[in-house]
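The two complexes that follow have chain A in common; it is paired with chain B in the first and with chain C in the second.
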Partner chain A sequence: MRLATRLLPLLLLVTAVFFIRAPFLIKAAPIESTMGVVQKIFYFHVPAAAATFLGATVCGIASILFLWRRRPMADHVAVSAAELVVTFGVIVLITGPLWARKAWGIWWEWRDVRLTTTFVMWTTFAAYLLLRRFGGPGSNIMAAAFGLFGMALVPIVYQSVSYWNTLHPKATVVRTLPPEMAGPLWWGITAFVLLFTALMIVRVRLEAGRAALEDAYVELED
Partner chain B sequence: MSNSKTELQAQAQEGFVPATSITTESLPATPLLYSAYGAVWVILILYVFVLARRLTRVERDLRDVSARIAKR
Partner chain C sequence: MNVLRIAWVIARKDLVVEMRSRELAYTTLFFAVACVLVFAFAFIRQGRTPEDVAAGILWVALAFSGTMALGRAFERERQAETLRALLLAPVERASIYLGKLAGLLVLMAAVEAVVVPLVALLFDAPLWRAPGLLIALLAAGTLGFAGVGTLFAAMLVRAHSRDVLLPILLYPITVPVMIAGVRGTAAIFAAEPNFDAARAWLSMLVFFDAIFVTMALWVFAPVMNE
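On to the complex of A and B.
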């Protein structure tokens, strides 16, 4: 954790460079033939979704470690990752409908499995945070089960476009992108993953600080 | 009309193709694109600001309580 905190300024600097350069790359990317300029939402909608999936996976793995070993650090990582899933998930759930409005003529379609499973995954992690906030003593164990369930939803959300008939573009779109479209997308994904890492370091530090503060108050009371 | 629209929708699901010429669009896309881009920046800046405030407060409280413990 100390090494991560020491590397944080450098990480933030690199992340800032990626985020400053991204709009120029998106502007230079070609306009898509069927959807037009609105398809450029793709260059930050997908990276935000990648960060959401990453957060859900980190939360799930940390939850397993916490249930197994009961290490406080695993719990700190799990709750931090869950908060980032909700934050990046909000970006996905706002930018998606803005794209859909133009591409499909509607803001939202509940019968679309990708959209619905994404929303269910987001609500799972929102429930995780609510449980941690209002659940009282022992809520971290029940929340860990939510974290596990949330992680299990990641492959379902990702593969939903392949198994069900949806309006949403298929996951194979990324593999078939021409280089002038793939470049800005991978730049954006790198930027969001770097930001996720930097925010995780700060958020875990906050959680560790909170735990230390609780211990200090107990010591003061004794 | 509906057939060609269905074909276009199917094409948009399978892969993205750069346009050779810019066509006229019925619903302006630029406000939607800028709204999405603005939402990303607003959410991220807001979260970073709130996170920094929470961290500052916890670290300040921890210093205060630690000082009180040390004084005893």
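On to the complex of A and C.
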């Protein structure tokens, strides 16, 4: 953690460079022939989704560690990751329909596996935060159990919705990515993962500080 | 005593308590009936039932009443601090979970025995088209729902605002169960029934059950360790 704190300014700087350069790369990328300029949401949407799924995985693993080892640090990591899942999830859930309205003509398509999975996952992690906020004492352990289910849920929902799809075949947009489009996409994903890491470090530090303060209060009262 | 025998003792205790008061059975049942009634007014137009709603209504009524039963079942344990006594007993945590789960499954099966024919009657669903398959779907769906629900309701016993937190936690996690349950039942009830699809959804439900119950068994002990 100390090393992470020391590296934080550097990390923030690199993240800033990535985010400043990203719009230029996205502008330079070719305009997609059928969807037009709206397709460029993609360079923002997919990286945010990557950060969301990364957060869900981090939260699940940290929950496992907290449940069986009871390391406070694991709990701090879990709650920070869950907050980032909800935050990045909002970006995904806003940019997705904006694109879908233009590309498919509708805001939302329940049969699309990615949409439904993301929405269910977002709801799950929002519920996780509600549990932590309103559950009262001991809610961090309950939340750890719930976070574990939240992580396991993602592949299950994905599978069940895609199965639902196969039962009712539906034409989907098949996208193949030329290199001049893949470049900005990977740039964007790197930028979001860097941002995710930086925010994680800041948030975990904050949570550790808050917990230390709470312990100090309890000690003072005893 | 092995795990299953202790689980049976706990389940029997719950059922004896329930047989004497019948509080949960009556309230849950009438809650489910009230749900169906609300749906009847929401969906029936000019005396006719729209196609394909019976399966959805059935599963939503079961999910709602199941949530209520779960909350009440553990509220009863909380009021007299009997859950603490149960946790202090020198038995495996897994058997406590299994015992509570079994008690709830019996209760929900009793509710379903009334609600399913009622929905079939009111919404014109062909109950006798594939009774075995329908029962299997209901059993597997109820197990998945109650399997997760028992864990969540048990851990929420000591939480603040547990009444509202239980559905908030339970519904997103049981989305796969609802998808498979509704789709499978709809495949049976449809004008052109597709039994292969229903069987496919059933096997999917069994798969979810295996995952959910395993995870709940695995997590129950560390969560209920206080």
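We adopt the following convention: the second predicted complex is superposed on the first by the 197 of 222 C-alpha atoms of A that agree within 3 Å, B and C clash if a C-alpha of one lies under 4 Å from a C-alpha of the other, contacts with A are read in each partner's own complex, and residues count from 1 in each chain.
FYI, a residue touches a chain if its C-beta (ideal position, glycine included) is under 8 Å from a C-beta of that chain, and two chains touch if they have at least 3 such contacts.
Small disclaimer: the values here were computed from a predicted structure and weren't measured.
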- prompt: For A:Leu130, is the partner it touches chain B (first), chain C (second), both, or none of the two (neither)?
  reply: second
Query: Between chain B (first) and chain C (second), which does A:Gly138 come into contact with in this model arrangement: first, second, both, or neither?
result: second
Task: Once the structures are superposed on A, label A:Gly183 by its partner contacts, choosing first (chain B), second (chain C), both or neither.
output: neither
- prompt: Is A:Val120 touching the first partner chain B, the second partner chain C, both, or neither of them?
  reply: second
Query: Which partner does A:Leu153 reach: the first (chain B), the second (chain C), both, or neither?
result: second
- prompt: So, A:Tyr217: does it touch chain B (first), chain C (second), both, or neither?
  reply: first
Message: Tell me which partner touches more residues of chain A in the superposed arrangement, chain B or chain C.
response: B
Query: Where on chain A do the contacts from chain B and from chain C line up?
result: 167
Task: Could you please specify the touching residues of chain A with respect to chain B in the complex?
output: 23, 30-42, 44-45, 48, 87, 90-91, 94-95, 98-99, 101-105, 166-170, 172-173, 176-178, 180-181, 195, 199, 202-203, 205-206, 209-210, 212-213, 216-217, 219-220
- prompt: Hey, which residues of chain C end up touching chain A in the complex?
  reply: 148, 151-152, 155-156, 158-161, 165, 168-169, 172-173, 175-176, 179-180, 183, 197, 200, 204, 208, 211, 215, 219, 222-223, 226
Query: chain C touches which residues of chain A in the complex?
result: 67-68, 120, 123-124, 127, 130-131, 134-139, 141-142, 144-146, 148-150, 152-153, 156-157, 160-161, 163-164, 167
Query: Hey, which residues of chain B end up touching chain A in the complex?
result: 8-9, 11-20, 22-23, 25, 27, 29-30, 32-33, 35-37, 39-40, 43-44, 47-48, 51-52, 54-55, 58-59, 61-62, 65-66, 68-69
